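Following are the structures in question.
Here subunit A shows up in two complexes: once beside subunit B, once beside subunit C.
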Partner chain A sequence: MSEAKTKQQGAVQTTGHAWDGDIQEFNNPLPRWWLWGFYASVVFAVLYWVIYPAWPVGKGYTTGLFNNITYTVNGEERSRHWNTRSLLVKDMQTGDEALKTKEYMQKVAAADYRQILADPDMMAFVRSVTKGLFGDNCAACHGSGGAGVMGLFPNLADDDWLWGGSVEDIQNTITLGHTGYMPGFARTFSDEQLDDVAHFVLSLSGHEVPADKVARGKQLFTGEGGGCYYCHTAAGTGMKSQGSANLTDNIWTIADVQGQTELTGKVDAVKTVIRNGVNRVMPTWQGRLDENQIKLLSVYVHELGGGQ
Partner chain B sequence: MKFKHESIEINAGLLIALTMVVISIGGLVEIVPLYYINDTIEQVDGVRPYTPLELRGRDIYQREGCYLCHSQMIRPFRDEMLRYGHYSLAAESQYDHPFQWGSKRTGPDLARVGEKYSNEWHVAHLSDPRAVVPESIMPGYPWLMQPLEYADVGDRMRALKFTGVPYSETQQEYDANVTKFGQGVADSLNILRAEKNLVQQAQTGNYDGDRARLTEMDALVAYLQMLGTLVDFSKYDEGYFAEFR
Partner chain C sequence: MAEGTSPELYHARIPIYPRSVKGRFRTLKWGILALAYGVYFLIPWLRWERVVGIPQAVAFDIEARRFYLFDLVVHAQDIFWLAGLLVIAALLLFFVTGIAGRVFCGYFCFQTLWTDVYILIERLVQGERVARIRLDKQPWNGEKIAKKLLTHLLWLLVGFWTGFTFTLYWGNAPDLFLAFFTGAAPFPAYATTLFLMFTTYVMAGLAREQVCTYMCPYARFQGAMFDRDTLIVAYDEKRGEGDAGRHKIARGFKSKSDREVDGAGDCIDCGYCVQVCPTGIDIRNGMQYQCISCALCIDACDTIMDSLNWPRGLIKYTSDKAQHGEKTRFFTAKNIGYGVTLIATVVALIVSVVGHVPVDFNVSQVRQPLFVQMSDGRIQNSYEIKINNKTDRAVPFALEIDGLPSAELDKRQKQHLHEQPAQSLSLLARVRVNPQSLPASPAEFRFRVRPQDDTELPILEQSAFFHSAGNH
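This part shows the complex of A and B:
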């Protein structure tokens, strides 16, 4: 130990101070590679200050040597110094991805729905691009495959449509949103009456239910007391303009009739909906998505399963 | 007198003080200019402080640690813009104390989640996320259905007023808010009417689907539904906000 110490002490000097009597510090020179690396980074920093925006000066800042981020706003070309926001505008306009997408977007924008649906090339584009759009914006409620959530959010993959299933109807729904409303009948109908109406509703879709209840239910359904027929029509087929459900097709989105095996369970499911009503909101998307995105989504939703 | 390194090394107090000076230079150079450079906060219409109900919702957002998984900062990149919408502006978080920008995204960014989904969705999702999004790994927050405590909302606003948020108590402050934000917003920033405003917004908005009760869910959904909705970006051209950088 002491031998090694003496040997090194001969080679390099110490810093000259001693702690606790004999603890000394060697004054070794810095390694060459490190020193040159340090000088290089100093030079780099100075170059960086000159080329890129760097130092605050007064109420502004140095903007760097170049003014070379160029993009177009309202047909007029603008050049800005290097900054991430200008880079983004440029990237969204003339980046590789943007140009590739734009080419197809223009084709889709120019075509009408019939042409898009008939063109396999455009449909391939719709499927690949819109899968992401659907995932970001629609899947939270309607599920990533469009199957919806029983009782809460409609299934987009079947061919039953509350607000219409043509591409134009779907576009309308996405653009403006909807408020699906059915009043609760807890105060209008007694429990027995709710039971009768529920039986009648189930009879519409071919369920075998006692005829006397159906007869009484039908009277309530088509009578002025409940007025169910205002929205669902006397035949129970629903109205597109009201978003009222077709009760005759045995496709259920709010009352989980198919999930019940026993008739009493099915009746209870329907009764609960009649008693409590429905209040659902599909938000409007016109501020968030642009026209072409909505167009793509309309085609995509139409193609999920049951477009009309 | 010749400078001697030794004099710093043998004086612990001086060493600590000088170390702090050297370290803080880096921070000061980056942060301080932002307080006086003209372009730090973009000139934009519509940004206002939170209403009392939204403020309580924001407090719950912080209490439940939502920020640990959700950021509120859309960065100016193509992929973020396509997924979340317009990048976040400094102006949009100027009344946030503390800001909720974050950098950890276990869940999606929430800076523009407002008005994206319906109130019903938020209630169903917060109570039991997997009931609506089967692949979600978010925990459920069913206890948000408990009654909201709001008796102290005025004090909470006073605390924020102390940090510079323009909530008003005097007539003079109220008048200044009317000039700056317009009558409607100025009323919602009035500390003296805070409790009344809070109840009224919860009643009108009916965020948790039941007007009869006032729950923490009301407050949190009210907050989530306004996030990122204050600025109408259609009023500004593509390059406008780049001019501030």
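This part shows the complex of A and C:
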């Protein structure tokens, strides 16, 4: 019965088992090509073991037949067996995207600052590429968005610049670094004099303070008694060459004037700075970053705040 | 286990030699085949004028991330339309299968279409079913070698052109044609063509019905969509078998009245329905999973019934209910549900395609730092802005803000932004507000991109202005 039926499509073969008289076990054999497919996959697996890294051997492993992933590490060419990590490194160095980035980099390197700032396309490139560079080198102090830390590291996202805000100034700052120094006046001024100078300084940025204190403070500030004007100028606008702060605007990088709501708090903040002085260092990046990286960073930082 | 009859674990394919047939459904199927082949093989050659992009009516430009469909340009951002299209395809499949069974399998599936063409080639070269069986049985000689070789060569040729045509959709057809045959086409073009040529040859030429029975998942889950109202191709057992079963035309079994005497049914057991079946089953055994509802057995049986002058319909489209004397209902909750969902999805897709904005505009606020005080006391927020011009012409834009009085917008770029055709622009914008007129924080306002050529409506994007941290 089953013999005859298998000759036809769709007929079902039975194993010949029968229970309780009529319960049969069907047999649906796999197609023969399926078996060949299985053998082919066995062959494939063996070839795969030979061609690609596969088996652990002692402390190492079989590396396969390919030994042709070539990439550079510190200027030295290196050839490795097939592995995805090396492929990734290679792709990051010579892949399509890497070459595109390189091409853009050359375009930016060849352009001067005015051209870069005027070209939205190049600016978009600078923004996206330099974000990582800024994060790696600058964000540790200045924060990932350049907001800085009050009292320690200046805010790069505003439009006030101690050492100049043109792209060239910023490049100079990054390349050579800076030492921001202001002597402490603890021994020069009495506490009363400190109070007067602090009031005068606050008056420069439009704070409402008692006039008599301002008058006395002004004398110390602009006279030889304090000599503050050497660096901050008589008008209090600061000097780029000294990195001295502009005291007439609303930006404070060391005395946290904005953070205080009461006048006494603001005066105390300014007094503390005058008493103790300032000693801040921004390291040089020459030698650590190449010329193009500094160029990119200069544009990026310029773009962060309202650069001049 | 019975002695000496261990069950087979594997068996070779039982060859099928489908006989040709003429009839209503065969004609319909040839029509669908001609239409499908016409569309598939000719569309890549249809030229289309475009300012930017491939001058081809239908082209999928992976490199530029754009799909061209006549006057519609689909960008990477619009790829969810593809999801919509797939949902529609699935719903249509469910809807049709619920009503009329495996219509897709029998009439539209490429496996069926290409197998039809391959069987046609086979028949034209090697002859009708009987001739093919004889050829397979005869020993290898010149005739057999020549016929087999020619068949396989023609199969490979159809396979090649199928694969090559597929490749043409992904580039500019005339250029690619030239490059392909001068060895200058990119590697993927050759790989795709050869791969599809190989799979077409194997699936349509060698594997055939095994694709439907062993590989195709759709064939397996269709059972879930069938119900007793679903149309199936079925043999009218009551009429065909009568009381005493089917009987060949023989002495005393010629006319209908003669047969009634002995209780023989209308089936004359000619086997035509079995011979034409591309999956090699006997439809008289009832509904089987191999049946792709191609309806060729209906044509075969109708031909025989016509020649006997007996009514057609011994094998016909019917439903399980109809077979049991009940009424077939098409307006069931399931079918209506699928239909409504299908129409809703189609409408949603059309609305989305027709109403798509040709310019993408995206604003994201710089959050680190959220706000900055400037030296003149004003508060500044920064925004990263992306404008993506999806049209095929340059559009001058003006960027403005709306809903934030006394605020100044500094784009650090020219007042009017010119965007090139089919390009995107990214820029940093700053908004500054005087401390005297600070709004609540955060203050909602809108960026507006206004195309300057007045052909397009302005596009608005909501954003917010902050001047103090903490909760509000």
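By our rule, the second predicted complex is superposed on the first by the 210 of 308 C-alpha atoms of A that agree within 3 Å, B and C clash if a C-alpha of one lies under 4 Å from a C-alpha of the other, contacts with A are read in each partner's own complex, and residues count from 1 in each chain.
The rule is simple: a contact is a pair of C-beta atoms (placed from the backbone, for glycine too) under 8 Å apart; a residue touches a chain by one contact, two chains touch by 3 or more.
What you are looking at is a predicted structure, and each value in this text was computed from that prediction instead of being measured.
Colleague: Quick one: classify A:Ile251 as touching subunit B (first), subunit C (second), both or neither.
Modeller: second
Colleague: Once chain A of both complexes is superposed, is A:Ser144 in touch with subunit B (first), subunit C (second), both, or neither?
Modeller: After superposing on A, A:Ser144 lies in contact with both subunit B and subunit C.
Colleague: Looking at A:Phe153, would you say it contacts subunit B, subunit C, both, or neither? Reply first, second, both or neither.
Modeller: Touch status of A:Phe153: first partner only.
Colleague: Based on the superposed arrangement, let me know which partner A:Arg280 touches: subunit B (first), subunit C (second), both, or neither?
Modeller: Touch status of A:Arg280: first partner only.
Colleague: For A:Asn27, using the defined touch cut-off, is the partner it touches subunit B, subunit C, both, or neither? Pick first, second, both or neither.
Modeller: Once the two structures are laid over each other on A, A:Asn27 reaches subunit C alone.
Colleague: Would you sort A:His17 into first (subunit B), second (subunit C), both or neither based on which partner it touches?
Modeller: In the superposition, A:His17 touches subunit B and subunit C alike.
Colleague: From the superposed pair, tell me which subunit A residues show up as contacts to subunit B and also as contacts to subunit C.
Modeller: Shared contact residues on subunit A (touching subunit B in one complex, subunit C in the other): 17, 143-144.
Colleague: Considering only the defined contacts, which subunit A positions touch subunit C in the complex?
Modeller: Listed in rising order, the residues are 3, 6-10, 13-17, 27, 29-35, 117-118, 120-121, 123-124, 127, 143-147, 155, 157-160, 246, 249-251, 258, 303, 305-306.
Colleague: Can you name the residues of subunit C that touch subunit A in the complex?
Modeller: Of all residues in subunit C, those touching subunit A are 1-2, 5, 7-14, 16, 207, 210, 214, 279-282, 285, 288, 290, 366-369, 372-377, 380, 382, 384, 410, 412-413, 417, 425-428, 430.
Colleague: Touching subunit B in the complex: which residues of subunit A?
Modeller: 17, 56, 59-61, 71, 73-74, 78, 80, 83-89, 91-92, 95, 97-98, 132, 136-137, 139-141, 143-144, 149, 152-153, 279-283, 287-288
Colleague: Quick one: which bits of subunit B touch subunit A in the complex? Just the residue numbers, please.
Modeller: Touch residues, subunit B against subunit A: 6, 9, 33, 36-39, 75-78, 81-85, 87, 112, 115-121, 124-125, 131-135, 209, 234, 237-239, 241-245.
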